[in-house]
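Structures are listed in the sections that come next.
In the two assemblies presented below, chain A is common to both, partnered first by chain B and then by chain C.
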Partner chain A sequence: MKLTEIYWHLRSDIGKIEQALEKTIEAEHPVLRDASTHLLKAGGKRIRPVFVLLSAQFGNYDLNRIQQIAVPLELIHMASLVHDDVIDDADLRRGKETVKAKWDNRVAMYSGDYIFARAIEMATYCEQSEVHLILANAMKEMSIGEVEQIRDQYNEEQDLRKYLRRIKRKTALLIAVSCQLGAVVAEAKPNVQKQLYWFGYYVGMAYQVTDDILDFIGTEKELGKPAGSDLQQGNLTLPALYGMRRDDTLKQWISEHFRHPYGNHLPIDDVIARVKQNGAIADSQKLARQYLQKAFLALEQLPNTRAKKSLRQIGEYIEKRNS
Partner chain B sequence: MIMSSDFLKEINELKESFFEMIKYEYLSKYITSASIDDDQLVFLLFMLKEQSISPKQRHSYILTSILVQAALDTHEKITTDQMDQDDLRKARQLTVLAGDYYSSLYYLILAKQGEVSFIRVLAKAIQDINEAKMNVYHKKEILDWSELLLNVNTIDTAIVRNVKHFFHVKEPTLACDHFFLFKRLVYERNSYLRGTKDSPFLKYYTAMGKEGNIRSEQLIMSKIDSHIERTKSNLLDGTLGAYQQYISSRVEELLDSSEVNSHYLVKEG
Partner chain C sequence: MKLTEIYWHLRSDIGKIEQALEKTIEAEHPVLRDASTHLLKAGGKRIRPVFVLLSAQFGNYDLNRIQQIAVPLELIHMASLVHDDVIDDADLRRGKETVKAKWDNRVAMYSGDYIFARAIEMATYCEQSEVHLILANAMKEMSIGEVEQIRDQYNEEQDLRKYLRRIKRKTALLIAVSCQLGAVVAEAKPNVQKQLYWFGYYVGMAYQVTDDILDFIGTEKELGKPAGSDLQQGNLTLPALYGMRRDDTLKQWISEHFRHPYGNHLPIDDVIARVKQNGAIADSQKLARQYLQKAFLALEQLPNTRAKKSLRQIGEYIEKRNS
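Up next, the complex of A and B:
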């Protein structure tokens, strides 16, 4: 089942969110407007707004209020991608030129800052102070997570705990707060808000672990970048971490690459083959499944509704996705 | 604007809070610390001292305003140059992230205190500044001189301006706008004399297709000089009420510490 089929019943509301996204970043300056909408037009799963909408269905569902938080969440995600492309010096995202490649770093910085500010401004029309505390804290944690990723780059001395903390900040937190905020804005019961937060958190962890697995087993066409890019760029993700534990040759290759990132050629095809053979991929998939099981457990506490069914289907989709 | 000992004490407390907030050991290994524009701080404190708000609120409003400025200034350091050295690349990456981090702090501080309206004030100021930056940096048509000054002034004053509007502060004859324009012109002139190439004013006449043309350089310098003179007259005309004393002394300080005076002396001599 495709992701869009899972939330087909929400298509009208998602369409309205899409329009609101575009309208919110309509800058006066033409290049700022083009740069800001550039990534928006490249598409994307809109998974965060979808989580907000589905979670809001556990309370008083009012699209006008809910979009005040669904739109900012997607914009915050987008702005962080625009800045990430400057950090990674990336020319392509989702198969299209990045803002920094199409214009330059400065335009990317100004556009990212502009989108962040528009997102925050729109969120302020939601007057529940709790919303801002949750969102601001997530933004702070996200930026700390990114700093930690840079700090840990080309550092082979990492453990599972460090990796999990990093992906929590990098990915899981924004998905968790998307679910939580949907419920908060719709004034769902506190326990429902809490369970939705945990559902989002575990799904987010599974999502990032799956992303890290795909970086090893996906094709260049599916990924939009060569397989093994994370490791080439010095980012030690779960399959590599597991692989290094059980394969000394692999550990040696990665250590050598991390010590001399620009002078050493990492035999990436052999690395990928070994990670697949030594069970590191299978173990990573097992951990992703465990996170999903925890996510489904959180869902069990919620009333049986169509939204609950859709949330579960999204979890199942994440497990099976290949791009 | 009397700089009483209480006033100076509060300025110091704000600076301490700012540097405490932005402290991040790993970042400081690779990037230079953010700085505070003392004039912006003084203007903000002066304006907010007149408002019926608690000292705690005043502290949060000013602290978050200077955090926003720090975030924007940090991102302004991102260049378009190719970075081949590992340390330089890392410094750039962390500069992007430091700006985002400072930005998240302003939101978090105000969110913790339930100051949702003020969050909106600062978010709006950031938008105004980035629109103006794009007008200066990336405009198809050549900006005319007054547009250039207007946009540069928005970049320098949008935070103070938005705070001022939020509190309906009555300020004599745009003291803040004129002062920051004067300060910017003196800065740009000094930068130009020192050979800085990354100036919006330099871009202004480069865009006119006159790069390297001595006459056009003289033209831009005389435009800057006459504007410095005009703004200086506005600032020293004695109509700035409570702001007059501070502004007059700062104008003298800026002129004393710059090459503008020596240039005038040469011209007059």
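Up next, the complex of A and C:
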């Protein structure tokens, strides 16, 4: 089942949120409009608005009010992508066309700032005062997560705990908050809000672990970049962490690469073969599956509705993607 | 009279806000703490918190509540400085030490994001709901101002209107909002809030025009950078705009420089001599003075208090700085 089929019954509301996103960003300034529109057209699964919509169905479903939080959540996600691009851009163009690169980076940085500010501005109209605190906190945690990733880049001395804390901040929290706030604006019961938060949190963890697995086992065509990119760029993700535990040669290769990042010493095909052989991929998949089980456990506390079924299907989609 | 003498009677409250700023930023993450503490120690005049405190004296002065808005306003200012540094950093190190430069820039960008998010998080605790909208709007306008400055860089086809709109967004608005929100949290009368907004707006405009004048007539020691830096970096400010109108040779020099920014063709000493001689500096000073007169006019609507006297003195300080 495709992701869009799972929420086929929501397609009209998703379309309206898409329009609201466009309208929010279209205004005010030509350069910003171009940058933002480009980003918007680039698409993305709009998974956060989908979670907001589905979660809101556990309360009083009112699209106008839901939109006021679904749009800011997607904007925060977009702004964080823009700021990630600032870095990627700088990286790709290192040493070349610096004036143009610099111009692009500056525009990207301030476009990100603009989109963050638009998100907050829009969320201001939500009646529930806890919404603002939850959003600000999520933005704060996300920026801490980014700083942690920078600090830990090319650092081989990492453990599982650090990795999990980082992906929580980078990915899981915003998905958790999307589920939670959908329920909050629909004024669902406190326990429903809580279970949806945990569903989103565990699904988000499973999602990021799966992403990190795919970076090793996906094809270049599927990934849009060569396999093993994370490790090449000095990011130690779960398969590498597990792999290093079991395999001294692998540990040695990675250490060497991290000490001399620009020496191109990392035999990436052999690295990938090893994490597949030594059980690191299987262990990572197991952890993703455990997170999904916890997500489903949170769902079980909720009444049996169509929305619940869709949330479960999204979880299963992530699991299949994992295989 | 020194600036600190003007608000000598507030020194204890300013000290408390300074402590609150430190405490806000101290927590959570070592890298962020280092970056933020460095920024905090670098100082600055804390002029925005001072405006908040003085404006709050027109209502019910309660330091705990005032702090909840004074700290976020200074944090927003600081975050915008951090994001400006991302660019400056990249510029200074062009072609050298890119890995380190990149690391610094990334940390700077995400530190800025973190400080923005902390500011919003803290402001969430303000009771008055309009506070959040006013802050989000100011952040949004500031980012648009930055993008405008990038778009207009090395663009000789500019007019006074564009320049004024840009400095409004870059500088005047946050000062206006500082005065306004001081009055809002102290629940001063609506008309008092409004007059303080306009006082801040006009003072902010005068402040930035003065800054732009000083970039031409200040010494390298006073400025901490060579005179004429704005123009060298492709930023057309008021003295240059006025100067180009009156002086075809100047216009030609600047056009040539803007078309070939890295040719080092701009005879900056002659440029400075010309804007002094041809009346461009005098005209700029006149505009700064007109803004100050408007600021004082807004003040006249307010009751005669010590705070009013201090606000006027700050305006006069800006004027003297102008001579």
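The working rule: the second predicted complex is superposed on the first by the 306 of 323 C-alpha atoms of A that agree within 3 Å, B and C clash if a C-alpha of one lies under 4 Å from a C-alpha of the other, contacts with A are read in each partner's own complex, and residues count from 1 in each chain.
In this text, contacts are C-beta pairs under 8 Å (C-beta built on N, C-alpha and C of every residue); 3 or more make two chains touch, one makes a residue touch a chain.
What you are looking at is a predicted structure, and each value in this text was computed from that prediction instead of being measured.
Chemist: Looking at the overlay on chain A, is there a clash between chain B and chain C, or do the two fit?
Modeler: clash
Chemist: Identify the partner contact of A:169: answer first if only chain B is touched, second if only chain C is, both if each is, neither if none is.
Modeler: neither
Chemist: In the overlaid three-chain picture, which partner chain does A:105 touch, first (chain B) or second (chain C), both, or neither?
Modeler: A:105 sits against chain B and chain C alike.
Chemist: By the touch definition at the top of the document, which applies to A:117: first (chain B), second (chain C), both, or neither?
Modeler: In the superposition, A:117 contacts both chain B and chain C.
Chemist: On chain A, which stretch or stretches are contacted by chain B in one complex as well as by chain C in the other?
Modeler: In the superposed arrangement, which is not itself an observed complex, chain A uses residues 28-29, 31-32, 83, 86-87, 103, 105-107, 109-111, 113-114, 116-118, 120-121, 124, 129, 132-133, 135-137, 139-140, 142-144, 146-147, 150-151, 261-262 for both chain B and chain C.
Chemist: Which stretch or stretches of chain B touch chain A in the complex?
Modeler: Going through chain B, the ones touching chain A are 24, 26-27, 71-72, 75-76, 78-80, 83, 86, 89-90, 92-94, 96-101, 103-105, 107-108, 110-112, 114, 116-117, 119-120, 123-124, 126-127, 130-131, 133-135, 137-138, 140.
Chemist: Can you check the complex and tell me which residues of chain C touch chain A?
Modeler: Those in contact with chain A are residues 28-29, 31-32, 83, 86-87, 90-91, 94-95, 98-99, 102-103, 105-107, 109-114, 116-118, 120-121, 124, 129, 132-133, 135-137, 139-140, 142-144, 146-148, 150-151, 261-262.
Chemist: In the complex, go through chain A and note every residue touching chain B.
Modeler: 27-32, 80, 83, 86-87, 89, 103-107, 109-111, 113-114, 116-118, 120-121, 124, 127, 129, 132-133, 135-137, 139-140, 142-144, 146-147, 150-151, 261-262
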